[in-house]
Structure formats: C-alpha cells, structure tokens
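Here come two complexes built around chain A, the first alongside chain B, the second alongside chain C.
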Partner chain A sequence: MSTLLIIAHDEWRYWRRSKLALVTIIISIVMALTSVVLTTISVADENHQRAHLQQQAEQTFVEQPDRHPHRMVHYGHYLFRNSTPLSTIDPGIDSYTGKAIFLEGHRQNSATFSNQQHSSQLTEFGPLSPAFVLQTIAPLLLILIGYSAISRETEAGTLSFLLAQGLSYWQLLLGKVAALFSVNLLVLSPFILGCLLAASHGESSAIIVTFILSYLVYLLVWTLFIVAISALTNSNNSSFAMLICCWLFACLLLPRIAANTTQYLVEQPSKIENDFAVKAKLRELGDGHNSADPAFLQLKANLLAQYQVEKVEDLPVNFRGIVAKNSEAELTKILNTFAKEQMQRELKQSTTNQLFAWLTPALAIRGLSMQLAGTDISSYHKFLREAEQVRYEFVQSLNKAHAEQLNYQTDINRYQDSQALQNARVSANNWQILNNFEFKPFNAEQRLTQSKLALMQLTFWLIILAVFLGLVGRKSQC
Partner chain B sequence: MKDSVISANNLSVAYANQLVLNKVNFSVAQGQIFALLGGNGAGKSTTLKTFLGTLKPQSGSANILGKPVHQHINTSRKQIAYLPESVMLYGHLTAIENIQYFLSLADIKQSVQQIEDALTQVSLQPQAWHNKLSQYSKGMRQKTAIALALLRQAPILFLDEPTSGLDPAAIDEFNQLMSQLAQAGSTIFMVTHDVYGACQVANKIGLLHQGELISLFNAEHNQSIDTETVHKAFVRGIRA
Partner chain C sequence: MLISLKDLKREANFLLRQKRIFVLLLITLILTSFALYTGIIEANKQQQSITRLLQADAQEQEIVFNSKNDYGSIAYYNFHLTYLPPSQLAFAAMGNRDTHPWKHRIRMLALEGQIYESDIGHPELAATGHFDFAFVLSVLLPLILILLLHDLFANERAAGRYDLLTVTASSPLKIWVTRALVLTLSLFLTFILPFVVAAVFNQVAISQIILVGLICLAQIIVWAAICFGLAKTNAPAPRLASILLSIWLITAFVIPVVGDAVIEQQITSPNGGDILMVQREAVNDAWDLPPQTTFDAFTQTHPEWKNHTSMNKMFEWKWYYAFQQVGDQQAAELTKAYTEAAKLKYQAANWLSVLSPSIAVQRAMTRIANTDAIASANYQQQVRDFHAELRSFYYPLIFNQVEFDQQQLALLPQFSANSHK
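Now for the complex of A and B:
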C-alpha cells in the first residue's frame, strides 16, 4: 500500500473511532441521499402533473364549441414548462420563476406557479435541493470532519514523530487530502446516481460528465483549503474558527453581497413602472377592439384602395378581424421590445453576479451548475421567447379566422338579438391550431459554451488552492 | 578511527537572530552511545531537532552518514529512529496498531508476532497490548515507542530524555537494551540532563553549555566514564 493510502486509511480509522466525525459523515450521506431522492420524486411528480395539465389545457381549448373567434383569443391557453433532467440535482431559478404561462391576446403574461409561491413562503426557507447541499452544506460538513487533519498532529506532537519516521511533509498533506477527498466521493455518490438517472431521461453524457467533474473540483477546492488551513494553524481551535469564518464569508455572505451589489449596479425598473411604460406605448397604437379608432384610418384607407371598394362593408374580408390582426402585430412588436430590454437587464445582472465568482468558488459552482442543468436565467428566457412565439401564432390564427370566416355585418350586429349572437360564430374546427408544445433546454454544446466563464473560474480556484497548499507545504516542511 | 555515523561540523543554529548553538563539533562512530548533557536551555533539544531535520543550521552542518541533514532530509530520516521525551503516539490506537501504522509509514514489514516479541522485550505487559494508548501511563507509552524504535531496525537511534518517566527497574532494562543494540552495531545519540544515567550507558559524553560544547568525555578500554568527573564539569559549567 502506498504511503498516501496508509495515511488516508489511518485518517478513516480515526474518523470511525471519533464519534463526531463518524456522525458527521453519516449525516452528510443521509442528507445527500435524502435531498436527491426527495427532489427526484418531486420533479417526477411535477413533470407528470405538467404533462397532464398541458394535455388537459389543449383538450379544453380544442373542445370549445363554435364561438366568436375573438372570445377564443381571450379564452386563452396555458403552456407548461417541463423540468430539465438535471433539475433534479439543481432546480436553479426554477423554484422562483413560474413554470406555467397563460397565453392570451394583447398581453404577455409572466410565468406563474413557482414552487416558492405555493410552498415555502410560510416557512421562509427554500427547498433543500441537492445543489444547495453540495454547494453550501457539504463544505461545512467537510470542515467539521477535516479541520483537525494536520492541526491535530501539531497540537498532539505526533507531527514531528511522524516526520521522524521518514515520512515527508508532502506525503502527510497529500494523504490527508486523499482521505478527505474520499469523503467527497462518498457524499457525491447519491448525486452521481441522480445524474445517471438524468442521463437515462435523455441528458447528454457530455453535460453529465462535466456536471459531476465540476462538483468534484469544487469539493476538491474546499478539501485543499481545509488541509492547508489545518496545516497553517497550530491548534484545532484556531483551525476550526478560521475555516468556519471563511465558510460563512464564501458561502453565505459573499453571494448575498454579490446579489445586492448587482442589483445596485444594474438597476431594474419596478413592475409597476414597467407596466405603465408599456401601457403608455400601447395607447399610441389605438384600441384593436374598436375598428372606428382613428389610429386605424390609414389601414382602412389602404384596404379600401387595395380591394377598390368604397365601404368596409364591401370588403371581402372582415375589417374588424383585419384590425385585430394588425393591432396584435404592432402591439407584439412593442411588447417584444420591452421584453427584450427586460431580458437584457436580467442577463446583465446575471453576468455581473457571476464576476463575483472570482472572489468565492461557491458562486462559480452555482452559476456553472445552473447553466449545465439548464435551470439558469437564459434557459428561462428561452421558455418565455418560445411561449411568446406560440402565443402570437395562436392569436393571429384566430384573428385570421375572424377576418376570413366571419362576415363584417354579422360581426358588428351580433348584439342585436340572441339569434344575431348565434350567427356571429365560426366553426370549432378553427380551434385546431395548437401544436404539441414541449419545452427543450439549450442543447449540450450551447450550455457548455454558456458555462465557459464559470468553468474558467472554477479552474482558477483549483489552481489557486493547489498553489496555496504548495506554499503551506513548503513553509512547514522544514 | 571508525567513520563517523553522526557528526556536527561547526554547527550553529539561531532562533530569531539569537544564536542557540555556536560552532558545535563532535562525531559519533558506529556502535557508540553518545550522550549530550546539558542544563535547561543549553541547546540539547535544538541539536536534536537539527539532526531530525526540523531546524535548519545557520552555518555548519549536522550530518548523518556524512551527508548534511538539511540537504538530505528524507534519506537521513530513513536512517534514524526517534524516541521523543513525551512519546507522541496515537491515543485512539492500541500499542500494536500504533506500531503497525508507524512501521507501514517507514515501509517496514513486521509480523504481529515480531511486534509482540518487541513489546515483550521492552517489558510491556501483554494484557495492555490491545488497549488504546489513551489509557497508558507515560512509562507504558515510552516502552511502546522503544519497541517501535527496535522494530524499525534503523542503524541510528535518537533519544530525547529516554529514561524520564520510567521506574528504576525499567531504567536498568532500558540501559541494558541500549548496550545490546550498540553492541549489535546501532549508533545511539541521546540528549539528557541525567548525568548518572548517561555515565552508566554512554561511551562518549558531550557537555553543552549555553550553546557551546565545553567538554567531551570518552570511555576508555570498555570502562564507564567516571561519573564524578562529568558531574563536576557539569556543575562547573552551569555555575560559570
């Protein structure tokens, strides 16, 4: 057996006989396993519900009887976002953003029904996701297990005796690193199982491998740091105190400081401000429900000229339907402009926040994990863009039916009596306009490209900590 | 004269620019027992740490088998077995587990039977062999460490106050054991302030005072060094 393995084996023997270390290791594994199992069950259940609701929403829409087409525009339709396979490990911002969106004419609604909205607000605690366990809890547990790796030897005086046996200081350091790293592998094993499950649900193997390696590197960074600090300090107490302070700063304080600083640096208008700005712009377009609105005089003139008739009643198409279609197109341009600006600001916030990962590896793995899992802000934007495309096509299909299948006279006289209202309907066959919607995250190549910066930051931390341990080793060797 | 196994050549060591050892010179040949005597703060432990490679000399050198330790730390450490004053073995392990662990680190394979033989040789009671060291007295830990030193079969032994904490019978046994080892070819270097113990077992004694080696005594014709002479020199050195 090599010297490193002998030292690692002895460290495990110490942990087995030290109740605190043993309990901590057991807690780590149980917590990891529990979070993976619970999240996997929860995501599978949500996906099942979503698939069911999506089917139900589509069925309800297409089963509507003959109606006035514009009533169907406002009847609307729901789209549901499926979770990505790796969201069982890292739900990312999915817990905060909605997973369902209501599509209707003239509006771009926000996504609704996030987990945070309907479950955790009362307790003010977020869900215990496997990613949270790995990113925040696992380093703390590693500290509890490994803070005394070297300081224990220094404090008890066994260090000089060990070195006198012909053991080099480097062998001792690396043996302790190997022991602590083997704990990482044990804690990671439930996550690796979760990742393999994600692979069986269609996740790319390149993403799975990068995902697992990233977490291994992250925990290795903490392992190197813990052993280096333990070697640098002369007592268990000072090693523990220093490591806990660093953990607090790196995993709890700095991410919050980063979020607050980002909000300050990249300002977002409030929802009310934004809504008022959108409304003001939309008012300039005119009311698409009112074909007599002066805003549509030019459209009316163009149509009359195109079809060489004198009155809208003589047009071969329903002028109200044309107005609705035209108005929706113009309105969508404005809504898309605002939505694009909003997304750019959110992306800028996300990018600015990611810069803080040069100060803490916790932010590096957090960004990287969400990007690889497809649960980051850009993936959410992709869902919003795809949902908007579906909304626009479905509304314009109904407006087209309004313009082409409903007579203008019948349309404007629909409130004269009940028979007139009956007549102002189009066939339910026109509701067969929905294609099966299934949200797909960015492909593996795109996600790997998006995560380049975070990958670089994690590599940077690994190099920094390896150099740090190297310096500590050199300083303490003689 | 035999080649020196342990030697100090103009060895000077300083802590924070304060000279603790000043141009110390001595040599120990194979099979010799060298006792370095001195009062508190004389520089005994500093000399030992320099030979163990945990301190670097400011000038001169501490040599093991002719090679400066600070330049050949790992090869030098492989040649030595070290017995500290307060034996620092692992409290969570038994005597046998401790010995197995330290031997495996030194890449030495010894059977459990050989380990038990060594423990018997140092008079550690068999019923204690499988108890954790946290339950041992200082003397029992000392015996475990001596057994380890024997099993390491290192040609050089460094001992730091080896008989402190041992009862008189155990001291006699220890001295006999050291003599046997020296006769078998081991070279032994011990630091102590026990003049009588040193004279009983050593065939070369160095007297260290305020970082300087003030006297060297050699046993002649297999006779013990005269305790009275060393004691007088020791006291004179302290009062000077």
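Now for the complex of A and C:
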C-alpha cells in the first residue's frame, strides 16, 4: 500500500514540475467550479421566474369575474415547468424543451419558448454545464495529464530500472492509477458541492450518492484506460496520439453518430402530421360546441330516457354542458392515445440511442446522468402528462358548472340581447379549481429503475477496463 | 524558394506510405462520407414530410370549405400550412432545424397565440447535435490537422533525422513547407471531394460549392498556420499537441461558452411567457368589454373600417376578429422586444466568432445553407406576413358583409415558400 502511495506521490511531484500538467489540473478545477456556480445561479434564477409566472397565472385565473363557464374553458391556464434540483449539474434537455404550456379546452398544446430558440447559439458544440465538463472535457484533460504515466518511464528507460529494484509492475500501474484518481477527486469536488446543494433542495440522498458514484466510475474508466494505453505503447508520442483518437471517437464523434443513426433508424412523424391524424379521428366525434350535431343524438336519447322527460328543455341539467363534458371526455381519450403513441416513439428513439453506450462510456454516463437528474425525455413526458391531467380536470369542472349551474334556456338565448348575455353566467366561485402546480421529477426509486440499462452499461465499461488493465499488467509481467 | 512538382510527389509518396497518416486520412474520408450521407437522408425526410403535410393540408381545407358557408367560420376553422423547406445545401449544415420550428399551421386568430408553438425533433438527439458536414469542418478538421501536423518537426527530431534533413536539403525551409503542403492538401481533398460529389448530386449551386470550399480552405489555413507556427519550437511532440489541443479547446468550447454567459447577462429580453399572457388577457377581456372599445383600438390601425363597426347582433365575426387583431397589437411591443433581443444576441455572438474559428465556420456554413437563426427569424417574418395577407383577404369580406360565394375562396392567399425571400 505504501509503495502505491510513494508512486502516486512521485507522479504528483512530476506534475508539479511540469508546468503543463499543473496548468491543466488548475484549468480542470476552474472549469468545473465555474460551470457549477454559473449553472446553479441560472437555474435558481429561472426557477424563481417560473414560480412567479406560475403564481401569476393561477391568480389571474381565479380572479376572473362571473362569466359563461365555456369562456373560461377557452380562457385557459398556463403551466410553467420548474427545474429539478440536480438540473444544476445536468440540465439535460431542459433548454431544448419548452418551459411554458398553455392549457385550454379541446386541444393539447405543445410546450413553448425553449431557451435554445432564444439564445446566442454559441453553445453549439457543448453547453457550460458541469455534466458536459465532466463527460466530455474532463477525460481530455485527464489524457493531457496522464498520457505519459508509464510510457514516460518506458521511453526514458527508468521502467526496467524501477522493476529491477524490486517494484512489481502491478504496483507501478496501480500507483499511477491512484495518482490520476486523486486528480479525479479534485476535479469532482466542486461538482460534489453542487450535488450537496441539490440535496439541500430536497433531492433524495440515494440519487445523490448514485449520481456522484456514477461520475466517479466514469472518470475511473478513463483513468484505467489512460494508464493501460500508456503502458501498452512504447513512446509518449504514440500513447498520446492513440488516447486522443479514442477520446475524439468516444466523446465527440460517437454520440453524434449515434444521434444521426437513431434518427435514420426510428421514424418519428412530426407533431403536425400527428395533428392531422387526430383531426380525422375527431371528425367522427362531432363538434362539442354544437349540441345539435347529429353525433350527439344518442346522448340526447339516453339523457331524456334517464330523466324521463320529453324535451331537452325539461332536463334538470343543461344539455349543452353535458354535451361539452361528454365530447371533451371522448376527445381527450383520442388525444391521449395519440400523445401516448408519440411518447412511445420518442422513448424508442431514446432507448435506441442508449444502445450506442455499449460503444462509448460517454453515452452511458450521459443517459445515466440525465435520468438520475430527472432532465431526460421521460421526465419531460411526465410533465406533459401532468399538464394534461391539470387541463382535463379544470376543463371538466368548468363543464360540470356549465351543466349544473346554467339553465339551458338562458344558455341558448344568450345572444338575444345584452341582458340575456348578462344572465348567462355562473359565479366566479367556480374558478377556484386550480391547485398550486409544481413539477416534481419521478421519485428516487423510479428514477433508479429507469436508469438500470445505463447503470449496467457503465458497470460494463468499468469491468472491461479493469480486465483490460489486468491483461496489460499480466502481459508486461512475463 | 520554388516547390517543384517533383518535390511534392516525393513527399506525397513518403507521407502516404506511412500507415498512420494513411489510416487517419481514410477514417476522415469515411466520417465525412457518413456525415454527408445521413445529411442527405435527413434533408430528404424533411422534404417528404413537407409534401405529406401539404397533401393533408389541402384535404383538410377541402373539408372545411364544404362544411361551412360563411367567411367568418371558414376563417375560424381553416388552418394554413407554412413551412421553411430545407435548402439545397441543408444536408451539409442542418443548423437549427431540429431546435427551431420550420413548420407551423396557422389560422386567422391572434397570431401571437399560435406562432410560438414549436414542432421540433427529439430533444435528447437535438441536444447531442448533428454529425453533419459543418460539424466535420468546424470541429473534426482542426483535430485531425493537429494530429497530422504537430509532429512535423518533432518526430524527425526525435528520430535524429532533423539535422540531417535540414543540412542536406537545398533550402532548409523548403522540405518542411512541402511536407506541410502535401499533408494539408491531401486533408483538404479528403474533406472536399466527398462534399463536391454530394453537392453535385443534390444540385447545389456552383457558387455555394465554391464558398464551402473556401470556408474549408480558410479553416485549414488557420489551423495549419497555428500548428506550423508552434511546431518550430523545440518541444517534444505530445507537449506540442497538448498546447495545440488546449488552443482548440479554448477556441471551440471555452470562449463560446463564456461569451454566451456574458451575452445572456448583457442583453435583456422580455419573458416569452409574458407575451402569451398579455395576448390572452387582451383577447379574453374583449368579450366583456363594449364592442366599441375594441373597434376603437382596431380602427386606429385599420381606419378604413371606421364606418363598418356597428353591430346588429350580440355576436358578429367582425367583432371577433377585431379583438383577435387587438390582442396581437397589445402584445406587439413585447414581441418586438423579444425578437429584437434574439437578433441582438445572435449578432453579438457573430463578433465573438472572430475569436473562435470553429464557431465562425459553423455560422458561415449555416448561413449559406439557410439553417441558422437568421433563417428562422426570416421564416417567422414570412409567417407574420402571410397571416397579415389572410387578414387583408378576409377583412373586406367580413366587414362589408359580402354574400358568401364559394368562388371567392379560390382567391384565398396560399403560403408559398419561394415567393418570400
């Protein structure tokens, strides 16, 4: 053990002497720290804004005056998505999806105003998120620091000297690994602070621990790889070139190649195309605004029979309200079927993309990190489903008020004169139907289950690299 | 110092016979071809999607025309497809076509409530970004160049041949310049040849092909100059490459990201959510206001309808569309500030790209391919213009209470992606 420490210590001494390594270590820490601080500030800022907008939206809704309930169905409501605690470390797709969604009767709108659409678009090659720094930049910096760990000794001939002195090759390898690993810990420290901050914002500790461990494993994978390649090659030069090529493929090229391939493999019709299909299906249902639509004849007959009356005018409920309520229910069923299909296709794209993580650890950690942070597509789907739930509930309670509190005759004659219009209203008390909406990601257990594949992939990489280093160690021993 | 063809041939023979260089060039060729091939497929998919949408849109319109018999209802129920087709060159630079909407269906209602709907691709894939030719040029090219050129001198030095070569060559500089020239030239060809084939296949204008060629050349010259300048120092090859990579890292990632943070901080913009809220309040409040209040606001921008505002019924379409228009008018200032801010951000970023060759290349490519923020802003303006056309088509029919005539509908403005530039 102490031999390992001596070797690790010696490596540190080498880094301190070589300006480049020292500068690189400092740069890594500064980048990690800056990204954590800036992302934390901007997420806090955004959350504050969204909370304000959400509260404002709820307030204006309940403060609306007495009016016809269907007017409120179209007045609609806004939901604003707040960020999850760990999005300070991995914002994932947050800036690519809309933040605001307008909820109204008869329609499922998509979320609007994504940050990406309204940005300088300078972050084309990567955002300033701690996740990006750790997933993509950190391995490169580790390579710059560690490429010569063993090859330097080989090149200078000190390797045989060391071995002749009784040092085992294994001890040398592990000592170098330990040295690089301590750099990992240094680079990770600002990030761990960020995670602890997220924990103070209510993130579960199981998630935080898995999250930190995952990144540690990811950097360990690179560390093992760097030392193994450095041992395998005869010169600093070829160790360096080889490592850089691997980094290029693993971190920059393969993720994008995977995205291109996924888009090629899994078809995803656009939302507008989906809208046409929904429209066609809906046409069979009839227009909920028009209670005379023949599609509602059956409903009318049933209702008359149920209350044992002859005409709709004699019903104890407002037939127009009933029609509105029923057609909203039918329509929502169809909308939900289509929305579900759309989400399933999107999930299929995600899982297809995730398969490429068997080819690069960068994609394994990327998927894992987003899933744990609750900033992946399935978390966004959860937001959409909850928004739909809110939409359906408030629309239906308005329709219920329409059916129960507004007389049918008053309702159909509302455009006769301004007095009739005045009469066709229900009390503003009916608008007290919104609960404070706050988006919460999946709970810890669900998120851990969702990230099973990515966890497996990351573990796979750790095993592969451990075996690889083992082979390198054994080969050089004989 | 004249470099003869013979010198070039000799060096080419020498360099390309090195397995490492040959493999690197081969991989580059394969990656470039992959980027181009998938780009062409993606552009085709988008084109096909537009064709399908146009068809569905026409059918939908037919149904609305046949089921309604007054202009007000038709304007209410009839959606119009607008779109920004992928340009001929889009396959090479997909730009923001998976983050910004390039298709919208709009109708005569307040536009501000519709125009921010965005139908975009899978956000996880969009966040990763495209592997297109623009990415190859802006990010991959400098890296390959660094891998090829960083050990130009250092390797010969390490192999002990440096002094020998310098002494025996007729001009000491000539041999290195020739060697660098052969390397950059073969790299240039590796990038540009597959592109030219793909571009010709996609019928890209010659001028655009030449422009892209120049961008590629400029990027190679910039990075070759940096490599060449630093390669003369006495440092060993990996150390040199580390410095070069750091320069690349700083220009491609750090400067843009820091710049972005500064720009976001400096340029303030109204919140997108506010636009929607203002527009909605305006439209909804109008239901409870006396119609004359709405018409007063409306006729301020449309004085020609001053004498057509009297209402005979409690609900008339002209009143309905007037308050939709007023809703847009009330949000207009916010909208203007919002789009201005986006424009300012993009322009400020243009200045910054001077410091980052990678960003500069990406921006130049997406500009030529019409897939950048400017293209998106222009498209949004087209949608606004088209919506205005719709209004000026329907207003006379609705305000003059013209007798309904199916024939009139043939004159309905149709969005055309080409007539707007």
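Criterion: the second predicted complex is superposed on the first by the 469 of 478 C-alpha atoms of A that agree within 3 Å, B and C clash if a C-alpha of one lies under 4 Å from a C-alpha of the other, contacts with A are read in each partner's own complex, and residues count from 1 in each chain.
Methods note: contacts are C-beta pairs under 8 Å (C-beta built on N, C-alpha and C of every residue); 3 or more make two chains touch, one makes a residue touch a chain.
Computed from a predicted structure; not experimentally measured.
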First, second, both or neither for A:Q432, with chain B first and chain C second: neither
Which of chain B and chain C A:A259 touches, first, second, both or neither: second
First, second, both or neither for A:N234, with chain B first and chain C second: neither
Partner chain(s) touched by A:Q389 [first = chain B, second = chain C, both, neither]: neither
On chain A, the residue positions that both chain B and chain C contact, one per complex: none
Complex contact set, residues of chain C against chain A: 20, 31, 34-35, 38, 41-42, 49, 52-53, 56-57, 60, 63, 81, 96, 99-100, 103, 105, 113, 116-131, 135, 138-140, 143, 147, 151, 154-155, 158, 236-239, 241-243, 245-246, 249, 252-254, 256-261, 263-264, 269, 271-274, 276-277, 280-281, 284, 287-288, 313-315, 338, 341-342, 345-346, 348-349, 352-353, 358-359, 362, 372-373, 376
Sites on chain A touched by chain C in the complex: 20, 24, 27, 31, 38, 42, 49, 53, 56-57, 60, 65, 67, 71, 74-76, 78, 80, 92-93, 96-100, 102, 109-110, 112-114, 116-128, 137, 140, 144, 147-148, 236-237, 239-241, 244-245, 248, 252-253, 255-264, 268-273, 275-276, 279, 283, 346, 349-350, 353, 370, 376-377, 380, 414-418, 420-421
Footprint of chain B on chain A - complex, ascending: 1, 3, 6-7, 10, 13-14, 17-18, 156-158, 160-168, 477-478
Of chain B, residues touching chain A in the complex: 52-56, 70, 73-74, 77-78, 80-82, 84, 86-93, 97, 101-102, 104-107, 152, 158
